[in-house]
Amino acid sequence: MDWSLSIDKAIPKPLRVIFRGAGQVFFCCNAVTGLIFLIALYVGGITAGLAATVGVISSTVTAYLLGFSDDDIDAGLYGFNGTLVGPCLFLFLENTPQLWLFVVLASMLSTVVMAALMRILQPYNIPVSTSPFVLTCWMFMVAVYSFDGFSRGPVLPAQGIPVEIVADSVASTSAWFATFTQDVTVAWYTAITKGVAEVMFADSIIVGILFLVGIAITSLRGAFMALSGAIVGVVVPILLGADQTLIEMGLYAFNPVLTMMAVGWVFLKPSTGSALLALLAGILTVICQAGLANFLAPIGLPTLTFPFVLVMWMFLFAASRSRYWGNSN
Amino acid sequence: MDWSLSIDKAIPKPLRVIFRGAGQVFFCCNAVTGLIFLIALYVGGITAGLAATVGVISSTVTAYLLGFSDDDIDAGLYGFNGTLVGPCLFLFLENTPQLWLFVVLASMLSTVVMAALMRILQPYNIPVSTSPFVLTCWMFMVAVYSFDGFSRGPVLPAQGIPVEIVADSVASTSAWFATFTQDVTVAWYTAITKGVAEVMFADSIIVGILFLVGIAITSLRGAFMALSGAIVGVVVPILLGADQTLIEMGLYAFNPVLTMMAVGWVFLKPSTGSALLALLAGILTVICQAGLANFLAPIGLPTLTFPFVLVMWMFLFAASRSRYWGNSN
Amino acid sequence: MDWSLSIDKAIPKPLRVIFRGAGQVFFCCNAVTGLIFLIALYVGGITAGLAATVGVISSTVTAYLLGFSDDDIDAGLYGFNGTLVGPCLFLFLENTPQLWLFVVLASMLSTVVMAALMRILQPYNIPVSTSPFVLTCWMFMVAVYSFDGFSRGPVLPAQGIPVEIVADSVASTSAWFATFTQDVTVAWYTAITKGVAEVMFADSIIVGILFLVGIAITSLRGAFMALSGAIVGVVVPILLGADQTLIEMGLYAFNPVLTMMAVGWVFLKPSTGSALLALLAGILTVICQAGLANFLAPIGLPTLTFPFVLVMWMFLFAASRSRYWGNSN
């Protein structure tokens, strides 16, 4: 909205770039929105907030030092991957002193990977999005097994492919129906807000609401798509019979949130058609989330936002060949 | 052949597009050939035939709705991945009511992935081939572990990396020689025809013969390459000492069938040189098949036609840098 | 150096191409350097030397037969992947008669993959480097589980993700300090030279020194970067507390050796800036090495030189978007 962009421009440049970096996690090039996101992260937990701050500063400063495009840096494009790297490593790994060094190194690497993937995708005019964050964090998380500073690898909330799935399925289905009929309203309310919050690893209703407010300040359509994505990320896994704990934590929702924002608001021309396409993309993101989670479980890695990245890439590449959305590049 | 192309043009457009979609599984843009393939699938099993029909219709209709190129749709290029998705999911997953929904969703996604990969490979002028089918089916197959509608994941015919491989090898080698000298003729006849049939997941001699007839109607060189690929896919694994059950089911042969058709008939200028190159590609496809099968076995996924896709891509990319086959694009 | 280039030009063409192929393993287009590398390999072990010779000849002859660019062949670009394929398969697999066939087939495939990746990376002007060797050897190594000719799969020196890592870490840390204070000088001397030698799979101090001499003949900056990479590959894993046996064998060092040569000498304009960038790349290669090793351990595959390839690609792609190193292609 106009008033927020006026404030955005009034903020001193170094701060503005950092805030915009945080804002770009949800595609918002707006320092006010980014500031609200950072405040929300500190509300969710001091360590997460500090880690995000260290991350966004490290990755942005690295971009300056390596001489990448000033316009890109100014838009916060070299900040959002670092913003995510910090809280991610602190959620999944042990909180040791070495971890702060890892956050700085990983944020620096995320900037190199960002520039590299921007170069690779440049002829296609497709966004890199959060893929540098995902690839960098995966590498650091699986590397810690080799280093004495860490006594364990990443800890996942999900179980992956359960061995006893056959025996359980009948019992769990009937139990699930019982729970469903009792708690369905509460679960939805929790799951949908947490689904937005989990984009930055916060298991918190209030953080999710603050994120939605921040997005709404930049764009109402953006906030509507985020909310729709969270609803898809709760309804679809319920219909498919996915694990209820994961659904209630919002762990099926944060990827569709990003997919629907990207396809339905940011990267295609806003229309009823692109909204429907975003809905299809959101539904498929839920299945991709389940598939990738089971694929990565044996190696002990979480999906992070890669289901969103994969589905968004497929839909944006495909859209460029469509007579409705494509251009002739 | 000319008479079949006359019939092809006489068939009403919607039917022709569907039939050509089936035909493109073996690179045949010919409705007569496609119709024979569909009939062969129904001969192999009513469910497989129905699943292929639902798949080819879903993927083709999706391409219309998303506004992709009319010429591509008309050539059946948005049909063959759906044709394969249907029987694939029914072979490897449980036959539950949810599975029909999955076949429709996966066929729709295969169309999105097809358009996306066409865009990615466009600057290189390299075909997407069956990669959308493979990637989509892998994702759906590994996703079902998370959903109550399915009580198990995909079931593979192969064992992957056997733990007791050392102990077995001496015994199995001598046993194999005994079997070899007795049944070698029968085994070859079975393995070669089934090798062609397994491209569409049919474990049947008659289906393989019908497929070969269908290909021969479009091109004799195509049928010759398919037959050569099947022979390579039986002889080479026998020489390398691979598992005999897998060889007899044609599971080492369906990938070289497609590789030799692609390299020796469809995508390079037909010549003695490209026939020899196809032979080398076919042999390497057998090794790639073994490697990828062992790589995917721990996660419980079959290779599908990915060995063919990988080897074909390598040879076609490489051919574009050769003074014999390349052009200066 | 000038005298070595005069000799290089005086050597008959077929021999020169083969020697340059060996030289290109360390980015040296210089037959004298390549000859020293080959001699060093034979010093390390007759079989390794023979396997490298068979590999470099097979891959170079294949490039001639398939009609790839004469200039590329003459520079040894179709030789270095074959040079690596030979000793690699002999180190990790059983020494059976079939293995010589595998070395020839894998070297031929490495040439096809080389040409394919050259075509893919051509619009970006990024080198293929040793990725064809890595991809080809991975495929052949995991394939042997399916073939009777081999009674086992590849044998790794590393353990991957240790189950008992928690219990061990306290004990091993104190033990490590004890060892560290006693043997630190010897360990460094051994680890650094072996780190250079392990690029071609030689666990030998003398081979490492011969390699450094060979590189110095082509370029002193190249030799300096190689030595710096080896030091990074010893110091950084010691600081992070990695396994000491692996460090002493040079198994954390051979990848940073190549990364620092590529980033600090071959592919960016030599300057203090690019030397610092090479240092950062070298440090990140150590973490990438640990991550990829743990990722591949369950499937039984070694990282080979892929950590170097990945980090080099990221830094070179990124450099092309930097105002300090990039060009406007």
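Just so it is clear, A, B and C label the chains in written order, and each chain counts residues from 1 on its own.
Operating definition for what follows: contacts are C-beta pairs under 8 Å (C-beta built on N, C-alpha and C of every residue); 3 or more make two chains touch, one makes a residue touch a chain.
The chain lineup, named per UniProt: A, B, C = Urea transporter.
Because the structure is a prediction, the values reported are computed rather than measured.
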Touch-based graph of the chains, sorted into line, ring, star, complete or other: complete
Same or different residue numbers at the chain B (Urea transporter)/chain C (Urea transporter) copy interface, by half rule: different
Rounded Å distance, chain B (Urea transporter) centre to chain C (Urea transporter) centre (Cα mean): 36
In chain B (Urea transporter), residues with contacts to at least two other chains: 123, 298
Contact footprint of chain A (Urea transporter) on chain C (Urea transporter) as seen in their complex: 123-124, 160-162, 165-166, 169, 172-173, 176, 240-243, 277, 280, 283-284, 287-288, 290-295, 298, 313-318, 320-325
Residues of chain B (Urea transporter) defined as touching chain A (Urea transporter) within the complex: 66-69, 98, 105, 108-109, 112-120, 123, 138-149, 151-153, 298-300
